[in-house]
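Below, each structure is written out as structure tokens.
Across the two complexes that follow, chain A remains constant while its partner is chain B and subsequently chain C.
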Partner chain A sequence: MSDGEAVIEAEGLTKVYPAAFRLFGDGGREKLAVDNVTFNVRRGEIFGLLGPNGAGKTTTVKMLSTLLIPTSGKATVLGLDVVRDAGKLRSRINLVSGGERGLYFRLTGRQNLEFFSDMYHVPREEKRRRITNLLEIVGLTEAADVRVEEYSRGMKQRLHLARGLVNEPEVLFLDEPTLGLDPEISRETRALIRHLSEEGVTILLTTHYMFEADELCDRLAIISEGRIKALGSPYSMKEAVRNDSIIEVEARELGEAQRRELADLPGVSAVSVEHLEGRQRARIVVANAPGLIPTVAAMLESRRVISIRVDQPTLEDAYIKLVNGR
Partner chain B sequence: MMRNVTGIKASALVAMRSQFAVVGPVLWLIQIFSTALFQMWFFVLVSDFAGDPAAGPAYVALGNAVSSLTYAAVYGVTMAAGSEKHIGTMASILGTPTRMYYVFLGKGAYQSVIGLFTVTVSLLLSSWLFGVDLSGADPLTLATVLVVTCFAMVGFGMVIGSVGVYLRSSMVLGSIVLYLGLLLCGVNFPIAYLPGWLQPASYAFPLTYGVEAVRRVAMGAGLADVSHLLIVMLAMGAAFYVLAYLLFEVFERLALRRGSLDMF
Partner chain C sequence: MMSVRAMKAALKQQAIHFFVDPQWVIPSIIAPFIFTTVTLFLFRHTGGDLMLYAVLGGGVLGMWGNTIHSSSWSIGYDRMNGTLEAIMVTPAPLSSVVFGRCLWNAFLGLLNALAVFLVAKFAFGIDVTVRDPLGFLVALAATLLSLAVLGMVFGAFYVVTRASSALFQMLEYPIYVLSGAMFPLVVLPEWSRPFSYALPATWGAEALKIASLPGYDPLGLGYMGALGLTALTTLVFLLVSLWLFSFLEGRAKVNGTLVRY
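Coming up: the complex of A and B.
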């Protein structure tokens, strides 16, 4: 998969959102969303853009899918410039965004697909066959003639996916395709993404779910504050923490102050704190976990510690280290 | 070319399906009849109260009957831009090879049908209830005038609607234009009643020519007698469609630069 030609090439891609014009009041300041991003995606690859909210993932995808004009830099998809050749490119790509919006909710699922097929100029005889097939693939055959306003969130997301396939795109952009879906639907969606990849569709997906990136992506870029922090296979990302170990602490009173204190300890390269129900879980990426445990235990003595243990590093730990680490 | 026609047809179909998914045909007819009736009735009573013979009840009723086109042809098209943004379909459409202009042309085509039906109902009601005498009107000439007026007004609506691709304020503009039409276009009183400095503004609105042409046809004028008004409306309409095409291109570009496609 990794030897194919590059079908997406981004070079120094930058987006600065201009300050909004307001007749009255302050329109705010301009915002740097994507800062000099360079990467490529090879034919048939599933490439992930992984990063926290506001990292610049969606902005990058919008620029590559012709829905946003870059401030500077250059990007080509299938050899076509995303700005200059946008008209030609649009028939060969598609973008699926997560969420409830982007569909005609008063129309049925089938009617939505008919409309977007027409927008992509799918020939009439081909349209019917393709829509029937897509409805079956996403499991909406029985709900095809039900209005979208009666669909569950998962059904809407599957219809979004079907909409994204009406033009049989060579490159498919998926922006948070499993956001807010229940685990079973998420699993089905990931299976569908894998199926599309096997069919030869090049996929660029954004996600902030680590396991999703790990499970699906051939390669991924970790993006934070508009910049690419790391780029490679999930395996090579994990290599970044191969020589590290993890101290996992569960406590009832862990906050930002403790996270900062832990991060300042010698040998600690990153700390993440996850807020669970009634407790918090900190994962400390450190070169020598057993040696640091007494220090950590002493430091958190008054924070109602539930447990302290040593764990193996995961992709999530690599991500935390690459995004927040030293 | 055929691809653009497909886009126009698909967009018109979506507009129709969306509308009738909310209201059934009976409720829709009640809406058409009642809004036409109540608007005419209101202004007829105002004119009756004012007692000016130059703008009597029949004059006012006829003007309001023709101006009912504005709801569909201008306001309806303008609203469509806001609606596409609100439900988030505008970005999905812009990501396709079909230009937004043709999508709105489809919405305009659908609104034209609605507008022509509305104005026909309004004219019948004005004749039946408010003393508008249409007995001297040639039906074919009247139909031609209404179709040309509708053509020009939808073009006007497309110009206003194009703003909606970029800004969230197209619906505000639509409302302003709706009420400006009542003020400036000779609907409720002759244009000569307006302050002198305001009168030239009346002639920027296609409705002004449409109302005048229908008044003349109602008094027995033939196609040749109103041809100059029709030519003005056709020319204005053509200019509006060209301008709208250019504005859609400009506003699409601005929206893609600013990232305002998803803002609603």
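Coming up: the complex of A and C.
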């Protein structure tokens, strides 16, 4: 798949949200949400935009799906310009956003799909066939004529996906498709996404879960503060930490001050602190872990350290290094 | 620029919403009903044509109130519900969706007007024979259409902000008065006339009255004249609303205001 043609091409894509107009009070500031982003997605690929909250993932996806006009830069999807050819492009793409909203909850699942099929002028016979088929794929055949307000969280998400498929899009944008879903339903959703990909749909998805990107994506871009920090296959991302090792410290009084101190130590490229029940776990990405242990131990002496050990770097560490590291 | 398929789908959707959610019975059925009853009660000693006038006023008001509420609801609802982007990402023009929904609401207004007539006839014993029944029906349909179009003009603003509803609720009452639905146009002050004349509902109401009240034609338009003006002003508002939709959609896509609720 590595030499497939590019169906999404973003070049220097930038979005500045203008300062909000307010009648009273502070008018708000301009916000640079996406800063000069360049990447390609190839036909048939699952491409991921991975990054923390506020990184600019949604903004990027909206520009590519014709809902937002870029401030500068250029993007084409299926060879069509996302601004100039928006009208033509819309019938060939679709967007599904995670979360509860975005369905008519007073209508049944089937009525929702009918409504959106009509928006795409799907021919009547085809419409009936397609909706039956979609309901089957997402496992909502039984619940098709039940109102959406009675659906569970997972059923709504599956209906969302079905809605995103009513026009048989060639390119599907999925914005945090597993947001807020429990693990079981997330797993089902990922299986469904893989199934779609096998059917030939090109998928661009955003997520802030490293493992999700790792599991699903052929390639991904790590995005933070509106910029792409790294781009490549999940495997190549792991390369970023191949020569590193990890010191993992568990203690009872680790805070942001300690995290910063640790990050400033020589040879350290990133530090993450995870808050667990009654204790914290810091992972220090460093070139030579054993050599640094005495320094770390001395530094954290008064922090009620529980354990210190050396570990192998994981993808999570790579992500943290690429997002926060130097 | 318009999609009939999207309009029909939106009309159907609005109808389903209406039947599923009984709360809409209040603004669309009960409010104009009470309005008419009160008016009839106030006018009960005058008798004759004035009574019919009040019935017509109530009917048109019913339709208008309904349309303005639906326009408040239409895109505002999608914004609240998170479905605005789901529609925007499709090739169907938003204006077609709103128009379809407004048509349903205008149709409801028709049923409303009917209810008002029945109440007037059977509860108040008023003679509601109209002079020219066919002309009356045509004028009624034209008025409904014009109200749907006016609803679209208001609806467009919800694309950029949810703050629209307060504004339109404020506008609702002046329009009752300005359209001459409630009082004859000639009793309104000089300065307000340009506003009245710009409203399609004004001419629709005029055509309705000409068709129903013998000898009524204070402006000397004739039935066809009033109907023509209804059509003309409606067309102007239609163009305005289409322009507004494309302009405001463009603004929303620059400012990122489609999702903020």
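Rule of thumb we're sticking to: the second predicted complex is superposed on the first by the 326 of 326 C-alpha atoms of A that agree within 3 Å, B and C clash if a C-alpha of one lies under 4 Å from a C-alpha of the other, contacts with A are read in each partner's own complex, and residues count from 1 in each chain.
FYI, a residue touches a chain if its C-beta (ideal position, glycine included) is under 8 Å from a C-beta of that chain, and two chains touch if they have at least 3 such contacts.
Owing to the predicted nature of the structure, the values given are computational and were not obtained by experimental measurement.
With both complexes brought onto chain A, simultaneous placement of chain B and chain C is prevented by a clash. In the superposition on chain A, contact is made by A:M119 with both chain B and chain C. Touch criterion met: A:G102 reaches chain B and chain C at once. Shared contact residues of chain A with chain B and chain C: 15, 17-18, 20, 59, 62, 65-69, 87, 90-91, 94-95, 97, 99, 101-107, 111, 114-116, 118-121, 147, 163, 167. Remark: chain C residues 3, 5-6, 8-10, 12-13, 16-17, 20-21, 81-83, 85-92, 97, 250, 253-256, 258 touch chain A in the complex. Interface residues of chain A facing chain B in the complex, by the touch rule stated above, are 15, 17-18, 20, 59, 62, 65-69, 87, 90-91, 94-95, 97, 99, 101-107, 111, 114-116, 118-121, 147, 163, 167.
Residues 3, 6-7, 9-11, 13-14, 17-18, 21-22, 87-89, 91-98, 103, 253, 256-259, 261 of chain B are the ones that touch chain A when the two sit in their complex. Taken in their complex, chain A has these residues touching chain C: 15, 17-18, 20, 59, 62, 65-69, 87, 90-91, 93-95, 97, 99-107, 111, 114-116, 118-121, 147, 163, 167.
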